[in-house]
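In the part that follows, the structures are each spelled out as C-alpha cells.
One chain, chain A, links the two complexes that follow: it is found with chain B in the first and with chain C in the second.
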Partner chain A sequence: MTTYIIRRLLIIPLLLIGVTLLIFGMLQFLSPVARSALYVRDLPKSEDALDAVIRTYGLDDPLPVQYWRWLVGFKNPVSGEVQGGVLRGELGYSHSAKQPVAKMIAERFPATVELTLWGFFPIVLIGTFFGIQAAIHYNSFYDQLIRIFCITGASMPVFVFGLVALMVFYTKLSWFPPGRMSPWVTQEIQAGTFAIHTSLMTVDALINGRFDVFIDVLKHMVLPILALSYISWATFVRVTRSSMLEELSQDYMITARSKGVAHKAAQWKHAFPNVLLPVITLAGGTFITLLSGVVITETVFNYPGIGSAAATAATSLDVIAVLGISLFNGALLIVANLIVDVLYAVVDPRIRFN
Partner chain B sequence: MKKSIYTLLIIILVLAFALTACKPAAEESATDVPAAEETNTEAPAEETEDPADEEEVAEPTEAEEEVVENGVSVWDTGFRVTFGYNEGNDMRRVVAEILRDSVAQVNPNFVIEVQALPWPNYLEASRAHQLPFGTTGWLEDYHDPHNWYQPYLTGYYAASYGIPEELTSKYAEYLEDGLAAIGDFDARSAVYAALNQELYSDATFIPGYMAEGRHYEQEWVEGYYYNPLYSNFYYYPLSKTDAAPDPNTMYVGGIGQPDTLDPAIDYETGGGEVLQNVYETLVWFEHTSGNEFFPQLATDWSVAEDGLTYTFTIREGVTFHEGGELTPEDVEWSIERGMLNGYAWSPQWMITSPMFGVDDVSELVNALDENVPAFATREEMQAGDPDVLMQVCQTVKDSIEVTEDGQVVFHTAKKAPFIPAMAHTGASIMDMEWAIEQGAWDGDCATWQNYYSTTEEESPFYEITNGTGPFKLGTWDHATSEVTLLRNDNYWRTEEIGPAWEGGPVGNAKLERVVLKTVEEWGTRLQMMLSGDLDMNYVDRQYISQVDPYVHELLLFDIETGDFTPADELLPGMGTDTSDVNLTLFKGAVGANRVEIYFNYDIQSVDGSNPFIGSGTLDGSGIPADFFSNVHVRRAFSYCFDPDLFIEEVLQGEGVRPTGATLPGMEGYNWDDPLYTYDLDKCAEEFQKAIFELAD
Partner chain C sequence: MENEMNLLNDSSAIDRLLVGADRNRKQGWLERRLGTDVVRNVKTFFQTPASIIGMAILVFFMLVALFAPVIAPPMNDQVDPFTIPRDGFKAEPKPPMTEWKRNAPEKNPFWYRWFGIETPTHVLGTTPGQWDILYGVVWGTRTAFKTGVVITVAVTIIGVVIGTVAAYYGGVVDNVLMRIIDIFMTVPFIMAALVLSSVLSPILGRSILAPMIALIAFGWMFYARLIRSNILSVKHKDYVMASRVLGVRDTRIMFRHIIPNAIYPTLVIASMDMGGYVLAFAGLSFLGIGADLGYADWGQIISFSRDWITSLDVYWYTVIYPGTALFLFVLAWNLLGDAIRDVMDPRLRKQKKHD
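After this line comes the complex of A and B, so read on.
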C-alpha cells in the first residue's frame, strides 16, 4: 500500500510540470499586453509604456527563459521586489475581479468547498440509491419512473432548471434565496458580531454557536445543490443500475441464494460491494468537478464560488484569471485524483497488487 | 405522384420566367418615380446608368455626364468593402446592415459585406485601424461642449479614425475660440454653431442617437430624480417608505464593481458611484442639471475678470468620517496630489488642462527635460532631471494658494471648463493628515515622482475611504462583488445650513445603509427584483419586456424641466401582471451620451494587406485606403443611412437623433441645425460626384 502511494506521489511533480507547460503554452497565444498582467496590475496604456513593460519583464525573451520566470518570479531591478512566480502563488492580476488571481481564488474557494461538501453526499448517496432501486426493481414501473426522472434532469440545461427553481422556491414561495447568505448575516460579519474562522460559513456558524446563521447559509445552498443533484443523478443511476444488474446475474449470487442467504441480504451484502467500485470512480470525478467550481450553477444562483469567478473572467476576456483558475484546478485535479486512487486501492485490494 | 412533381416543376419554371421578365419592368417603373417622393426606399431614381453598363467596370474615362479627367468615379467602378463588427454587438450589426442595404439599392455594384468577428479579431483589427467603419459612444466627463468636440474632432477618436490634418487644424481653431469665450454664452454659442455648419458640410461623421433611459424601482423607493452627470445614483436624497421590507437599507442590483476607490485616479461609473456618495467636491451638480453647480465644500466662489483666477471660500465645521477637520490646506493638497499622482488615463487631465494647458504633468516635465517623454512611466519620470522635477512640482504647488483668511485661489493658465472639473470625483477633497498617514505623497517636491502615475490597486486608497459625504464606505467584498455604504451620522449639512437646492435634503441621509450588489446573471437579478430583494435594478434594454408587466406606475421625462411627470396611462405591455409586485418606471431621460457612426479616413494595412478593403483600390472589388477622405463619399453614406430605422432596431424606438456633436442645452446646440436625412437619390448623386485620382 505504502509503495503504491509513494509511486503515485512520485508522478505528481511530472504531472504538475505537464500542467504548467500546457497553461504556459496557452499563455503564449496572448499578446504581450495581456501577458503583462502576470507581473503588473495595470495594463500599459501607451505604446511607450508597453515597450517598457515588455523590456522590463522580458516578454519577448526565449520561451524557456520566460517559462522559468513565470514559474519562479521576476526580480524588478528598480524596486528590488520579486514579482509574479506561479510557484510563489502569484498567478497574475485579474482585471475582472479587480484583485490578484491568487487572492480571488483564496476568497472564492471556501464557498465552493462548502457547496461541494454539502452537495456531494446527496448527489452520490441518492443517485446510488436510485440506481440500486432501479436495478432491484428491474423493468418495473418503479424502474422506469426513476430513469425518466433522472434522464429529464440530465437533459435539462442547468440554467433553465435553475431559473425555474428560483421562480418557484424564491420568488413565489420565498423559501430558498440566491447568494451565499442573507444581508443580515453579512451585516453581522461586517459589524464583527459574527467571527469568521474557517470561511466555511456552516462550520463558522457552529463554532459561533449560531444556529440561525447555520440555517440561513444552508437555505442558500439548497437550490444550487438541488440543481447539481438533479443534473448528476442520471449518471449515477445509469452506472449503478447497470453494474448492479450485472452483479445480480453473476454466479456467486445464485450460489449465495442457494446457500439460503435472504434475497435482500444477498443484494446488499454480496452484490452491492462490487457495485461500489465504479461508483467511487464516478464519485471521485464528481467531487473534483464540484470542487473546481460549477460555472453555470454558481452563476445562476449568484453563488460566489470559483465557478462564477471563472464565468465572470471568461465573459470579460480576463484570460489571465481564466488560466490562473485552470492552473489551480489542474493542480487540484491531480491531488484529488491521487486521493481517489488511494481510496480505490483501499476498497479494492486487487488494484494495490497490480 | 409523378404527375404532381411535373406540375410543380412547371409552376417553378413559370414563376422563374415571370420573375426574370418582371425584373427590368420593376426597375423601369422605379426610375419613373418623381424626385418629389424622397422617402421612397424602393430604388434609386437615378436613371442615367444602365445596369448593363455597370457590369462592365472597364473604362471610367468614357463616362457620360461627369467629366472625369484623370480619375475614376466610384459610381462607375463600384466598390466592395467589409464592415466588420464584433460578434454579438447588435448596434454595429444594424449600422452595417442599414448601409449595406441602402448602397445596394443605389447601385448594385456597391457591395458592403457584413462580417461578424470574434472579439479578439475585432479588437486587433480595430487597434490596427484596419476597419473602414466604426461606431463610437462617448459618455461625457463634464457637461461642456468642449468635452464633446475635442475627442471627436481633434482628440482620441479623431486620431483613431485618421481625420486628416487639414480638417483637424480647422476644427482646432474653432475649439480654441470656443474655449476663449468661456463665460459668454452667446459668443460661445456662435462659435459652436459655425463649427456645426462645418461638420455638416464636411460630413465628418454620421450623428447616431442619444438613448432614452429607463429606470425601474420598487414602488416604495422615494426621492428619485435624474441627473445626467451622476455616476449611477446619489443616495443622499433617496429613501424608502415604511411599507418596504427593510426600509432603512437600499439594495441596488448592478453588474460591475469599482476599479479603485482612490478618487484622484478612478475614472469609471462603478467607482464613481461610491466616491460621489462618500467624498465631496468644492462644487456639485444642482439637482437635475449637469451644468449648474452649487457650492458644496466651498461656501461660495468667484471668478476674476480675466476668467483665469478662481477663488473658493472653504466651508467651516466640516469633519471627515475619521474625525479630521476640513481645512483649506486639505483642498490645496488634494488637488495638487491629484495632478502630480495621476496619469494619462486618470481624470486629472480635466484639472491640468485649465491649470497648465496640458493633459498630464509629464508634459510639463517633458518641456524642460526631453528625456522624460509625455505620459511617461513612473520609472521614466524617476530618471528625470531632479532639478526639473523639483521645478515642475513647485509650479504645480504655486498654482494653488491658500490665503490668510482661509480662501483657496486657483491660478489657471488657460481658459477651459474649470468649475465642471471641480465637480468631478477626480477633484474630491481628502483629509491630508490622514492620507499621508496611509502612505500617500506628503507634499514634498523631492519625492513626488515616486508617486507619479499611481495605479488603481497600488494606491493606498484602493479600498479605504475617508470623505466628508453623507455616506461612508462600509465594506467592499471582492468575493461577492458587493459594496456597502453606511450612513455618516455626523453629516455637516444641518437644518441651519439648509438644502443645496430648493426641496433638497438636509440633515443625515434617511437611508442607514446602501448595498450595491453585483449579480451578473439577468434572470437571477430579475427574480431578486420580483421578490423585493432589490429596490433598484439595472435592466438591459433587451430585457425590458420581462419587467414591464410589473410596472404599475409610469413617469415620463420632461426635457424642458428635467423632471418626471406621471403619465396618464401605462404603455402597452405594462401593468399586466396581477401579482403583488409593483414597480415604478421613469422613462425617457436622455442620457449624457451619444453614439456616432464613424469613417476611417486613413485605413491601415498590416504587412501590406487588409482583408476589409478587398483589392485596396477602386476597381470594383475593393476600396482605396483614403476612400473616406473624399467628402462626397462621406456625404453619400450620410444620405444612405436611415437613422429612424437605426433607432428603431437598436433602441426599440427609444432614442432621439441629435444634431451637431454635442448635447441639447449646450452652447451652440440647435435642434434646427441641418442633418443628413435618409435620401437615396441624394446618396446616389453624391456617389456620382466622388471622383478618385488614378494611382499612377
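After this line comes the complex of A and C, so read on.
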C-alpha cells in the first residue's frame, strides 16, 4: 500500500511539469503584448512604451528563459519588487474580470465547491439505483423505460435542457431562479447583517441560523443539479447495469440461491458489493468533473462558479484568465485523481498488489 | 485425419460445429467471406428497434443536409449559403409564420404550397436579432455533419497512429507517449477545448475551425489508449512473430498485420462518439466561441435566446426548434452506438439466450 502511494506521489511532479508546459505552450500562441498581462495591469498606449514593457519583462526571450520566469516570477529591475510567477500564485491580470486571476478564482471557486457537494450525491446515488433496478428487471418494461430515459439524457444538450427548465420553472412558475442567491441576500451580506465564514452559502446560512437564506440558496441550485443529473445518469446506469448483469450471471449467485438465500438478499448482499468498484471509479471522475467547473451548465444558469468564469473570459478573449483557470484546474485534478486512486486501492486489494 | 486436424485449427469451423442445430445450414456467400459472427452481429443490429429508429432519424437528417438548398434556398448566389439571412436587426424575436420583409430568398421553396404559403415567411420564426430559424436549422444540419465527421475522423487517425506506435515499440516510447496522454487528460475536456479555441480564435479569426481544432487536440487520447491495449493483445500472436522472422518491415507489419486485427473496437467506439463531438461543438458555439455571427450552427442559434431568459415562455420557439434538431441528431448517434454495444457485447448475448 505504501509503495503504491509513493509511486503515485512520484508521478505528481512530472504531471505538474507537464501541465505547466502544456499551458505555457498554449500561451505562445499569443503575441508578446498580450502576454504582458501576466505581469502588468494596464498596457501603455504608445508603441515605444509597449516595446519597453516587452523588453523589461523579456517577453521575446528564448522560451526556456521565459518558462522559468513564468514559473517563479521575476524581479523588476526598476521597482525592485518580484512580479508574476505562477508557482507563487500570481496568474496574471484578467482584463474581463478587472482583477487578478488568482483573486477571481478565489472568489468563484467556493460557488463551484458548493454546487459539487450538493450535486454529487443525487447524481451518484440515483444513477446507481436506476442501473441496479434496470439490471434486476432485465429486459422488462421497467428496464426499457430506464434505458430510454437515460439515452435521452445522454443525448440532451445541457444548455437546451437548461433553457427549457428555465422556461418552465423560472419564467412560467418562478420557482427556481438562475444565479446563486436572491438580491436581498446579497444586500444583507453587503449590509453586514449576514456574516460570511466559509463562503459556502448553505453552510454559512446554517452557522448564522438563517433558514430563509439556506432555502434561497438551495432553490438556486435545484435547476443546475437537475440538469447535471439528467445528463450524467446515463453513464451511471450503463456502467452499473452492465456490471450488475455480469455479477447476476456468476456462479456464486446460483450457489447463494440454491442454499436458500432470498432473491433480494442475493442481489443486494452478494452481487451489489461487487458492482461498487466501477461505480466508485465513476463517482470519483464525476466529483472531479463537477469540481473543475461545469462550464456550460454554470453559464446557462448564470451560476457564478469557476466554469462560468472561464466561459466569460474565453468569450471576451481574455486568454490569460482562461489559462490561469485551467492551470488551477489541472493542478486540482492531479491531486484529486491521486486521492481517488488511493481510495480505489484501499477498496480493491487487487490494485494494491498489482 | 489431416482433414479433421484442419477443422480443429479453423476456429470458424469449430464455431460451425458448436452451433449444433444449424450444423447442416448452408452458409451464404457473405457469411463465408465475413464469418458467422460478423454476419450475426450485423443481422441483430438491423433487427434492434433502437438502431432502426436511430438510422431512420439519421437518414432524415442526411436528406435534409443533402437537399438544404432546395428546402431553404439561399438569398442569392453571391452570399455564402451558410450565412443565415437576416430580416432586420430588432432584438425582439418574431413568432412563427411572420411575414418576411428584408433579405427574403428570391424564390419560395417547393414545400410552401403544401401549406398554402404564398409570400416568403419565417415558418419557424426568427431569433433575437432577426435570423431566420428554419434556415439556420436546415443549414445547421450540414454544419453538424461536417464538424462531427471531421472531428471524429481526425481524432481516430491521431489516436490510432499514436496508440499503435506506443504499443508496437513499447519501452521508453510507450512510457513517454502514455505520460503525454496523462498530461493531456489532466485538463477537463470542455475546459481544455475552451482554452485552446479561445487561444486560436484571434489567430484563425471567427470560424468553425478553432473549436474543431481544439476538440481534436483534446479528443484523441481515449482512442490512443484503446487501440494500444488492443494491439498489446495482438502483438504477440504467432503471425506477427512469423512476419518478423520473415524480415517484414516494421511499418508493413504495423499497417498490414497488427492494425487491421486490432482496430475494430476503436472504430466502433469512435463512430459512436460522433454525437458527443457534435454536442461538444454546439456547446462551445453556445458559449460564443467559434463560428462567425449568423453562421448556420445550432449551438449559436440557441445561444441568441439567452438575451430573453426572463420571457422565454413567450419566445419558446427560439430554443425549442434548434434544440430539438440538435437533440435528435445526437440521439440518433447514441441509439446506433447503444445498439452496436449491445450486439458486440458477448456477455449480454449469452444472457439473452438464458432468458
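Note that in this section the second predicted complex is superposed on the first by the 352 of 354 C-alpha atoms of A that agree within 3 Å, B and C clash if a C-alpha of one lies under 4 Å from a C-alpha of the other, contacts with A are read in each partner's own complex, and residues count from 1 in each chain.
Definition applied: a residue touches a chain if its C-beta (ideal position, glycine included) is under 8 Å from a C-beta of that chain, and two chains touch if they have at least 3 such contacts.
This structure is a prediction, so every number in the text was calculated from the model and none was measured.
Annotation: superposed three-chain arrangement on chain A; chain B versus chain C shows a clash.
Contacts of A:P304 after superposition on the shared chain: chain B is touched, whereas chain C is not.
Chain A is touched at more residues by one of its partners, and among chain B and chain C that partner is C. After overlaying the two complexes on the shared chain, residue contacts for A:P178 are found with chain B and with chain C alike. When the shared chain is aligned, chain B comes close enough to touch A:Q190, but chain C does not.
In the superposition on chain A, A:V295 contacts chain C only, with no contact to chain B.
When the shared chain is aligned, chain B and chain C each come close enough to touch A:F159.
Looking at the shared chain after the overlay, A:T3 reaches neither chain B nor chain C.
Legend: residue contacts after superposition of the two complexes on their common chain; A:M167 is shown touching both chain B and chain C.
In the superposed model, A:L317 makes contact with both chain B and chain C.
Of the two partner chains placed by the overlay, only chain C lies in contact with A:L22; chain B stays clear of it. After superposing the two complexes on chain A, the stretch of chain B that clashes with chain C is 114-122, out of 42-50, 114-122, 582-590 or 672-680.
The residues of chain A shared by its contacts with chain B and with chain C are 159, 163, 166-167, 170-171, 178, 299-300, 302, 311, 315, 317.
Chain contact summary for the complex, chain A toward chain B: residues 41-42, 45-46, 48-49, 52, 56, 78, 93, 97-99, 103-104, 107-108, 111, 159, 162-163, 166-167, 170-171, 174, 177-180, 183, 186-187, 190, 299-302, 304, 308, 311-312, 315, 317. Against chain A, in their complex, chain C makes its touches with residues 50, 179-180, 182-184, 186-188, 190-192, 194-203, 275, 279, 282-283, 286-289, 299, 302-303, 305-306, 309-313, 316, 319-320, 323, 326-327, 330-331, 333-335, 338, 345, 347-348, 350-352, 354-355. Taken in their complex, chain A has these residues touching chain C: 11, 14-15, 18-19, 21-22, 26-27, 29-30, 34, 138-139, 147, 151-152, 154-160, 163-164, 166-167, 170-172, 178, 242, 245-246, 249, 288-289, 292-293, 295-296, 299-300, 302, 307, 310-311, 313-315, 317, 319, 322-323, 325-326, 329-330, 333-334, 337.
On chain B, the positions that touch chain A within their shared complex are 119-120, 246, 249, 251, 257-260, 343-345, 373, 375-377, 379-380, 382, 455-458, 474-475, 477-482, 484, 513, 515, 519-521, 523-524, 527-528, 530-531, 533.
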